[in-house]
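Okay, handing you the structure first.
Order of writing sets the chain letters: A, B, C and D. Residues in each chain are counted from 1.
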Amino acid sequence: MSAFLSIRNLSAAIRGGPRLLRAVSLDVEVGEVRGLVGESGAGKSMIGKAVLGILPRAVEVVAGEIWLDGVDLLRLRPAERRRRIGATAALIPQDPLTALNPSRRIGRQITDRLVDILGWRRGAAEARALELLNEVRVPEPERVMRAYPHELSGGMRQRVLIASAFAAEPKLIVADEPTTALDVTVQKQILRLIAQMQARHGTALLFVTHDLGVVSKVCGSLSVLYGGLVVEETSVRDFFRAPAHPYSAALLAATPKYTDPAAGLNPVPAAVIDAVRAEVAAADRNWPHG
Amino acid sequence: MADLYTVSDLRLGLPDMTRKPLFGAAPRIGILHGLSFSVPKGEVLGIVGGSGSGKSTLGRVLVRLLEPTGGRVLFDGQDISHLPEDRLRPLRRRFQMIFQDPMSSLNPRRRIGGIIAAPLQLHGFDRISARVDEALDHVGLPRAFRHRFPHELSGGQRQRVGIARAIAMRPDFILADEIVSGLDVSSQAQVLALLAELVRDLGLTLAFISHDLSVVRRLCTSTMVLHQGRIVEHRPTDALFAAPEADYTRELLDAIPLPDPDQRWDLAAG
Amino acid sequence: MLDARGLVRRRLGLRLWLSGGWLLLLLFAALLAPWIAPHNPLEQDLFTSRLPPFWMPGAEPGYWLGTDSLGRDVLSRIMHGARIALIVAFIAGTATMLIGATLGLIAGYYRGWADIVISRLIDIWMAFPPVLFAILLIAVMGPGLTSVIVAIIVIDWTRFARVVRAEAMTQGAMDYVASARVAGQRRLGTMLTEILPNVLPTIGVLLTLEMGIAVIVEAILSFVNLSISTDAPTWGGMIAEGRLAIHQAWWVLVFPLITLFLTVLSFSQLGEGLKDRYDPVLR
Amino acid sequence: MLLRRILTRLLTTLVTLLGVSVVVFVVIRVVPGNPIAMMLPPGATQADIDRLNALYGFDRSIAEQYVIWLGGVLQGDFGTSIQARQPVLRLVLNRLPATLELSIMALVIAVVLGGFLALTGTRLRGSRGEGAIDVTNGMALSVPDFLWGLVLILVFGVLWPVFHISGRVSPQYIQEFTTNFFLFESVLRLRLDLWLDLVSHMLMPALALAIPLAAIIGQLLKQSLKETMHLDYVTLARTKGYRENHVILREALPNAVLPTLTLIGVQFTFLIGGTVIIERLFSYEGLGNMAIDAVINRDLPLIQGIVILFAVLFTAINLIVDLLYAVLNPRLRHA
């Protein structure tokens, strides 16, 4: 396996119910930023969750491989998988308001992985946390370390979460709609921060979003999903110049754009939806699990 | 064209319960700080701003869900700012509202038909059943949906029911509060296209509250930018987007990630 | 997760059947008690005292569940006791619901002064130990069926008021209530057409729960000898007698206890079961 | 913030207590039947009755009686029991420890049992184990303490008589105690024999009181644990590599406990209210048992005193829980 993260034919389904992911394959190289794009129910966050081992209990992986740093995570025993994910990957979650434990101090929440899982000494972990808070430009980092989450603004909490994600120098970060809950001006700062941190640390980044605008700013390549199926996989430049799949093109056409009053807001044509649904159905015909 | 709404020096403060003294009234936190503007008949006004800008509060004052603490709101020449509820009632037919979250704005235990018909019955309309059908036709939902419950519909469909309920009354004015922010782009595009069509066909005046400037650009004839309870810019949409005058408007526009890899967005800087 | 939900769903249907079935059986026994009960519940016969139930040696035919120390037939007394228990359950339950739910609805939806007064009353009521309060009220009013019912209403209206108030407040904050106001609906109309239907399932669950509680309160009052006249056949009275003779004739305690247990359990399960089965909104 | 909260709560508590005293005062003064007549031997003259009426103040108007009584209460004088002819306060305080010990023991059992059920249910969520816990909780919850008491008497008192089902302590030990806090004292004096005898008496009534509360705690705590388990910070903790147990205990539990805590406060007062009938059932010499006797004997001053004491106890518990909530909630603590 050459890529740092390599997902091979990953299929997931609700236990005894419908499929959510249909033989998804994708690679993320070290230093690459890959966007996962799609509408709700497309399965884009399921992929991120599968990689991090946090799928909802009702969802099970039915087939496929997830190679992270040369190891197939799905073949490891649960305890080993947990440790391995904790040491090599991290998550930047969606909602900064609920992603920090309200009853624990910020400092503890940044350092806990280093101390409890990776066995750092507390002093060293705290020094590292301070360093990171400085790096994500949190003012008065010493004070923030002792603060509780409700004392910080939304944007500040997201910075803390980014610092926390980079704390253990992970080689892969999954960002799950990290700016959806933020105002657009704050979103710009946070996106910029994520891009800078990613570039500086050379991390592989899996960026889950429904916003094509955001994708065009931070990602190098992207996968477009519909109904748990990757319908297009391409570089960002090619995608915006000439999307290959009709569904991708329709999605792009439906996206509003303030610079061009005529563009955007065109509903996805029914024919396109029918065609892509047919593709999904075709994928299911080859599925042995019924 | 005459103004449907004339708002002058509108102020609103809400009591701050966290600083309420043991006895007596709580101090008020200012939400709106003296807004003055007018909405001509037939205009589609976009109200944009970040969270905490007061845009939803302003909307709720316009339809008098909230009573202002200062200033005046004239609706079609009549001062409604402190009108008591029973004198407001006859006017209520004329201004309607569509809510952000269709799940919470549709009573979960009533069928769609009943939800659309209730305000009609209240205002003594005739041919109610026919009007409900008409409204469903207008928003492109099958008439059979009147027998369904809200939870049996998709998000986009629920939002259409909200629109149908508002237009069934044939109001002069509709307030749409973030009505597409919970929807996927494809449903969003459909709902917006529908709204644009209804405004044209029914001759509506519309106030469209949104945090998304791109959507406002597409739909609205004039745009008002709010920041911390004040109007920072209020001009025709084309002019505003072509040459934003206020710093805050420029900042907002610059922050929008366009679906375009060529947009200059210096990620390395700052 | 789905797995467990499936499990619970199947049990739901079962519990609705079991609880409904038991309550119907009880209702049937209560209605027809004068005709189908094998003996007069008050008839004493010291020659047949403390007869064991039918499967034990020494049992007399016709006394299926045995007799108490005065020779009264346990089964007949349970059946006649069901009449009293069900009358109390239905009347006290319904009246408590009407009063409590109305106050709760007003407090939760109108807020303001009504809420302040009602909430304060609820606070005061909550500071009384309910059983002691009930006993006190009966002592004041004198024993009797009406006293028992009035006591239950006076003590337990807060159960409805508290829950309905909280629920009405939650519903009142929903946008469909704002929407009704934008449409120009009066507050009373909004309360009745928008809030009430959404609170109704909760009220229904509370109502069946309250019926079970009413049965228990009646039993407790009979147990401390304060409910109806002392020789009337009540479950609580039988339990009190059985408690004293527990080592000589356990059946005098066990059968009314089982009846009471099943009845209370059935009432509470019935409400939940009906709600899960017939509420259009799945949560 | 915190201080204002405390002051507001103290104020409402006072209003509540005043309300309770008015209600009980009015209710028991419409009692038919003359308590004075009952305490006199047959053949007492009307003059005797009048004299005693005047002594107990029953010849004045209700409002006057209330003011006099309230004035006494503020000085710690709750009147004299008609039946026992002793100060009400002394009688009541003598019995209070028995009821408190029983209630606290029941609370501890309920918290331990309910917490265990909630945590196990959360750990097993999605499996049949969770379904079983839900069904158990539902049944335990819908049957009140009175019935559980009777069931326990039958099972552990008669069928398999391992526990005492009557009284607070075996008669031969009563002389051993110097205070009324028997359980507490037996622990302090390291008297295992006394302690075991007490527990064997108290366990059944305590369990009867605890079962419904344990079910409520189990249900509510599990519910809020499950909701918390869906929040992003819990997910985040999982991606860090923590074990499930660790995630539940450190991330979810501290935040899920707060809503449960408020509920435990109210439910604990219900539990104490339940001691009235449970003490009767198990012939346990506590306040509740005394209260029922007082009602049956129409001992007005004593009833008044007991009800007020219960009310003080209840409001105090709610107050403590409220403050505890404020102290444990970082939002309020550091605002």
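Definition applied: a contact is a pair of C-beta atoms (placed from the backbone, for glycine too) under 8 Å apart; a residue touches a chain by one contact, two chains touch by 3 or more.
Predicted, not measured: the structure shown is a model, and the values here were computed from it.
Enquirer: Any idea whether B-C or A-B has more C-beta pairs in contact?
Expert: A-B
Enquirer: Please identify the chain with the largest separation between its CA centroid and the CA centroid of subunit B.
Expert: In terms of C-alpha centroids, the chain at the greatest distance from subunit B is D.
Enquirer: Based only on mean CA positions, could you tell me how far subunit A sits from subunit C in angstrom?
Expert: 53
Enquirer: Taking each chain's centre as the mean position of its Cα atoms, how many Å separate subunit B from subunit C?
Expert: Distance between chain centres: 49 Å.
Enquirer: If you average the CA atoms of subunit A and of subunit B, how many Å lie between those two points?
Expert: Centres of subunit A and subunit B (C-alpha means) sit 33 Å apart.
Enquirer: For subunit C and subunit D, let me know how many angstrom lie between their CA-based centres, rounded off.
Expert: Centre-to-centre distance between subunit C and subunit D: 23 Å.
Enquirer: Using the touch rule from the top of the page, what residues of subunit B touch 2 or more other chains?
Expert: In subunit B, no residue touches two or more other chains.
Enquirer: Would you pick out the residues of subunit C that each touch at least 2 other chains?
Expert: Touching at least two other chains: 1-3.
Enquirer: Two or more other chains in contact with one residue: find those residues in subunit D.
Expert: 125-126
Enquirer: Using the touch rule from the top, collect the residues of subunit A that touch subunit D in their complex.
Expert: Contact set of subunit A toward subunit D: 52-54, 57-58, 79, 82-83, 85-87, 89-91, 93-95, 98-104, 109, 112-113, 116-117, 148, 150-151, 161, 164.
Enquirer: Subunit C touches which residues of subunit D in the complex?
Expert: 12, 15-17, 19-20, 23-24, 27-28, 30-32, 125-128, 130-131, 134-135, 138-139, 141-144, 146-147, 150-151, 153-154, 157-158, 266, 269-270, 272-277, 280-281, 288, 291-292, 295-296, 298, 303, 306-307, 310-311, 314-315
Enquirer: Going by the contact rule set out above, which residues of subunit A touch subunit B in the complex?
Expert: Residue list for subunit A touching subunit B: 39-40, 183-185, 187-189, 191-192, 195-196, 199, 210-218, 236-237, 240, 250-252, 254-259, 261, 264-268.
Enquirer: Looking at the complex, which residues from subunit D come into contact with subunit A?
Expert: The contact residues of subunit D facing subunit A are 125-126, 231-233, 235-243, 251, 254-255, 330-331, 334.
Enquirer: If we count contacts the way the header does, which residues on subunit B are in touch with subunit C in the complex?
Expert: 63, 65, 85, 88-90, 92-93, 95-97, 99-101, 104-110, 118-119, 122-123, 149, 151, 165, 169
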